[in-house]
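Next, two complexes with subunit A in common: one pairs it with subunit B, the other with subunit C.
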Partner chain A sequence: MPTLVGVYDSPQHVAETVTRLRGRGFAKLEVYSPAPFDEVEEAVDPKPSKVRYFTLIGGLLGVVTGYALTIWMSLDWPIVIGGKPYAAIPAYTVIAFELTILFGGVFTLIGLLVIGRLPSVKLDPAYSARFSGDEFGIAVEVPERDVAEVDGLMRSHHAKEVGIVPA
Partner chain B sequence: MTAADVTAGRVSPRPIPTALLGACLALVAIGVLAFVVGLASDADTAWRAFHVNYLYWGALAQGAICLSASFVLVGARWPGPLRHLAESLGAWVPLTVVFFLIGFLGRESVYSPWLHGPPPGKEGYLSAGRLFWMDLGILVWLAGVSVAYLYYSFRPALGGVAAAGGGSGLLRTWASNWQGDDAERERCGRKLQVLAPIVCLSFTFGWSFIAFDQVMSLTPTWFSNLFGAYFAWGGYLSAVCATALLAILHQRSLGFEGQITKDRLHDLGKMIFAFSIFWMYLFFSQYLVIWYGNLPEETQFLDARLGSQFMVDKSGINELQLSQTWAMEFFWERLKEPYAKLSMVVWACCWIVPFWVLLGQRPKRMPVILGSVSAISLFGFWLERNVLVWPSLVPTDTLAFLGFVQVGIAAGFLGAFALVFLIFSRRLPSLPAPQKS
Partner chain C sequence: MTPPPPPPAESVAAMIRPTPLLADSQTNRDVMAVFMGRPGLGWLLLLGLCAAGLVTGALTWILQIYLGLGIAGYSHPIFWGVYIVTFVFWVGIAHAGTLISAILLLFRAKWRNAINRSAEAMTIFAVFTAQLFLGIHVGRIWKAYFILPYPNQRALWVNFKSPLLWDTFAISTYTLISLIFLYVGLVPDLAIARDRTTGWRKVLYGTLALGWRGTSRQWKAHTRTVLHLSGLATPLVLSVHSVVSWDFAVAIVPGWHATIFAPYFVAGAIFSGFAMVLTVMIPVRRIFGLEHIITDYHFENMTRFLLLTSVIVGYAYGIEYFIAWYSGVEAEQTSFWLRAFGPYWISAWIMIIFNGVVPHIFWFKRARTHVPTIFVVATLINIGMWFERYVIIITGLSREYNPAVWGHYTPSTAELLIVIGSFSFFSTAFLLFLKLFPVIPISEVKELEIHARSHGHGAAADESEGQRLRRMQEAH
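Coming up: the complex of A and B.
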């Protein structure tokens, strides 16, 4: 299937075009943006990112590890310190809290890399350096028979250029 | 009055619904009755309940002005009409001075732990004269700054009143010497920029000292530098919750249609979520060092509220139990100590519920959920003020804060606060209809 690329100046027009394309059933699309824009993200994928599951699992793992590690070590080598219980929850809460943040953060990074399929060694053929400057791009895979329609749709939403990516 | 009578950015006085007015007046009547009955039957209880409610509503109202001032300070545009809603809660602030003066008449009941014999070394600070003049000064200063802040915040919306030459009382006074819309907006904006940091600092320092003097001193041998900030933060957070609740109640109010957007509720939800964590953090950071130090002069305050299971208390514990103090059965056993369960309810209302319910994005945007969490938090903070005061005065009876007199006085304060809010937000000067955005 050919891939069409539309070039835009404003994130608003990108969001409108993406909404229309998705509404028409063209789900295999990629948007290039020089900076993050809420409206574009909302249009491309209105569902919350799956990265949050990585964060949640990381955070839970962190809190369990924090308590388990400290309690296990204290009970393994029991020494009364300052008259406190061996398994001193208030003190270990600090460790558990820190590990929650640490594991949550690290898992978020991992989730970001996994979901974003990063690092990417090969550049997308539809990508152009101008999309890291001040322009936006929408690349969409369309069947041969819909090329003219999508071309028209993009132009009607203020695409300043529309082209086909060479295979 | 119809939507056509409302002009964006202008105050729009409207009648107070009779049912609401009647309910508020009924609550005030119940409060007055309960207070009078209380004074005749058990004056100590009546004055203590009065003290708790005066503190709760006072800190909330001043926190609301501080909330608005923080919006101004950071140049926040997202709150839109929420800023004036928060300010309307602050109309109560001048009354706090009156309630302090009334409450001081009951000093024998409230400050009994030190009034006639402060602990050695604290005689200079813990004296009725010092407390009266210093706290009166603080509250008068806060009232003055708050009224000035309200004046400059509402003044640009009074153009219509000035043009019509009408209005009465406060409205006419506030609208006098009108110099034109643009000039007033510019002048008042500049004044607010100056007043906002003053309001925030005054609230923080002022209510910290009021917390030291009027709450912490009730256990006169205990001290905590953080307590003032913790108490003031409770007031600020309850103001955010009250603003969220009012925003939801104003969703269909005249001129507010479409203005209490899901985005705005989402932002308020984020504030409640984050600030409740900070509230718990303030508590925990103080608790941890007290727990670690395990000095009787420090642990007494938390021991009287949370019970001994949260302290290192080895009396009657053998070596095996010591190693298991984190086990659940031990925990439940010690919850039977006075006020321990009540303190758990406070944690649940002020932190556990806001944290877990508002963790996701969707609950923050749903008025029913955000409104319920706000109401639960507000109730939680009322309980918390009770937990801070009562155990110092009645250490053994968990339910000392409940009873006809206590609940009646609380109802009276609720009615009076709602009445002041309604008068300010609907009559004098009334909320400006939001600019459509």
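Coming up: the complex of A and C.
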């Protein structure tokens, strides 16, 4: 199937086009934009990003690790320090807190990589340096027979240019 | 109505993927010009100067490792001299970047986006510089790994009840999270650079950009990631200098053992960090001609932060004295009396005047908008904040409870050379960063621009770019 690429100037026009395309059943589409825009992301996929689960799991893992590490190590070679119990929870909370942040942050980064499908060695064939400039692009896979229709749809929604990337 | 037939595929492919960008974004070009342009004579001279300072510091450190801490003038009762002073100083500087990036992001203060990249980079380099001092100040650097909880033959573990170990965890977490924060923000900008460079730069940016394409899926994950990292980094920023302050406050040394230390240190860190951002960015803006992106409006906002944190720091200075008197503890009272009128009185008054008095000039709008004034005051604050740590550490340690073991301390030449080396390390790293990476977050600035353009905030024809950007930032 060939890929049609429409070039746009404004995020609203991109969002409108995407809504129309999805309404017509062209679901295999990718939007390239120079910056994040809520309306575009909303139109492509209204569900919130799953990065939050990574952050949550990382944070929980961090707090558990923090307490487990400190308590186990203190009990492994028990020495009384400053008259405190071996497992001195207030003191160890500092470590647990820091590890919560550390694991949460690292897992968030992993989440970005997994969900953003990064790193990738090759850029998409439809990608162009213009899309890291000022312009937006919608790349949509369409069957041969629908090319003319989608081309018209994009142009009627203020696409500056529409072109084909041969599959 | 029938749509026009699509043009033949070959010509379209040529149209879609043209290599020369005729109509590239103005912001891309402006920022790329900063780090792609040939290094000027001033930049080269500065780099040479900093490199010389760095080499001097490094050689001094090697000499110190060979001869021992004696050349640093470490002697009873003062084993925390200028090294720890400078360590705390750099940790403090490191707070501005994450504050600007994380906390101001959560408050949706859009004006931050002109300065956040440089502040984040400063954070990284300042944390690295601070960590150097942990290595420098330990007697036997080759045993520095003892601080880490690793399984060893003696089955011994580290002492998690010690604030010094909390510090290890706090500082290393802060380093990693700040690095992730900076890098995540850089990725889309690296992709911009990748698409517009050739040769070794393309390889560098292409590798670091990880194949970023700016798809809606990536942007959505990116926005979320930055938001979550901000949420994590905000308490982290506040915790790091609190933990550093507990290195002192948990000890029973007069002048250190105070519950106000955590907020007092955090406010001081933000204060000194903002001052350092101003001290560095004012010349950078001038040299690279970035007046249309970093406007006086940004500087004015930062001076307001300076004013706020100066008031907090000044209050802390006052309350320390009040509590020393009110506690009725003789050692505390003596310590604070000697702080202002003892052998280190010069340092104490530099600290009080530069941090607590001078910044009050920012009550006046004329001072907040006069760049040379801002530069001078920011530099004075940097000096004052270094002396604040000097006063706390040295006056505390030199005169503890028993007058028989009182001592005196003056920084040695070796210490001063290494401190100069640390400033050179920071500046060298920052100068290289300026010429290698986009110092303005291009995507964030473009987000505002495209938003304004497409939402019809019509620009007046005679409006300068700076005015336009400022209006956009205020509108958000």
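The criterion applied here is as follows: the second predicted complex is superposed on the first by the 167 of 167 C-alpha atoms of A that agree within 3 Å, B and C clash if a C-alpha of one lies under 4 Å from a C-alpha of the other, contacts with A are read in each partner's own complex, and residues count from 1 in each chain.
Going forward, a contact is a pair of C-beta atoms (placed from the backbone, for glycine too) under 8 Å apart; a residue touches a chain by one contact, two chains touch by 3 or more.
Small disclaimer: the values here were computed from a predicted structure and weren't measured.
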Identify whether subunit B and subunit C fit side by side or clash on subunit A in the overlaid structures. fit
Looking only at subunit A, is it subunit B or subunit C that touches more of its residues? C
With both complexes superposed on chain A, which partner does A:Gly83 reach: first (subunit B), second (subunit C), both or neither? first
Partner chain(s) touched by A:Asp151 [first = subunit B, second = subunit C, both, neither]: second
After superposition on the shared chain, which partner residues are touched by A:Ala91: those of subunit B (first), subunit C (second), both, or neither? both
Quick one: classify A:Ser49 as touching subunit B (first), subunit C (second), both or neither. second
So if I put the vertex at the Cα centre of subunit A, how wide is the angle out to the Cα centres of subunit B and subunit C? Nearest 10 degrees is fine. 60
Could you state the shortest Cα distance, in Å, between subunit B and subunit C after the structures are superposed? 5
Overlap of the subunit B and subunit C footprints on subunit A, listed as residue numbers: 48, 82, 84, 88, 91, 94
Under the stated contact criterion, what part of subunit C meets subunit A in this complex? 2-7, 9, 12-13, 15-19, 21, 23-25, 28, 149, 155-161, 165-166, 169-170, 172-173, 176-177, 180-181, 184, 187-188, 191-192, 195-196, 210-225, 228-229, 232-233, 235-236, 239, 243, 443-444, 446-447, 450-451, 453-454
Residue set of subunit A touching subunit B in the complex reads 48, 71, 75, 78, 80, 82-91, 93-94
Which positions of subunit A touch subunit C when the two form their complex? 2, 4-5, 7, 9-12, 30-37, 40-41, 44-45, 48-49, 51-52, 55, 59, 69-70, 73-74, 76-77, 81-82, 84, 88, 91-92, 94-95, 97-99, 101-102, 104-106, 108-109, 111-113, 115-124, 126-134, 147-149, 151-153, 155-156, 161-166
Under the definition above, what is the set of subunit B residues touching subunit A in their complex? 284, 287-288, 291-292, 294, 310, 312, 314, 322-326, 361
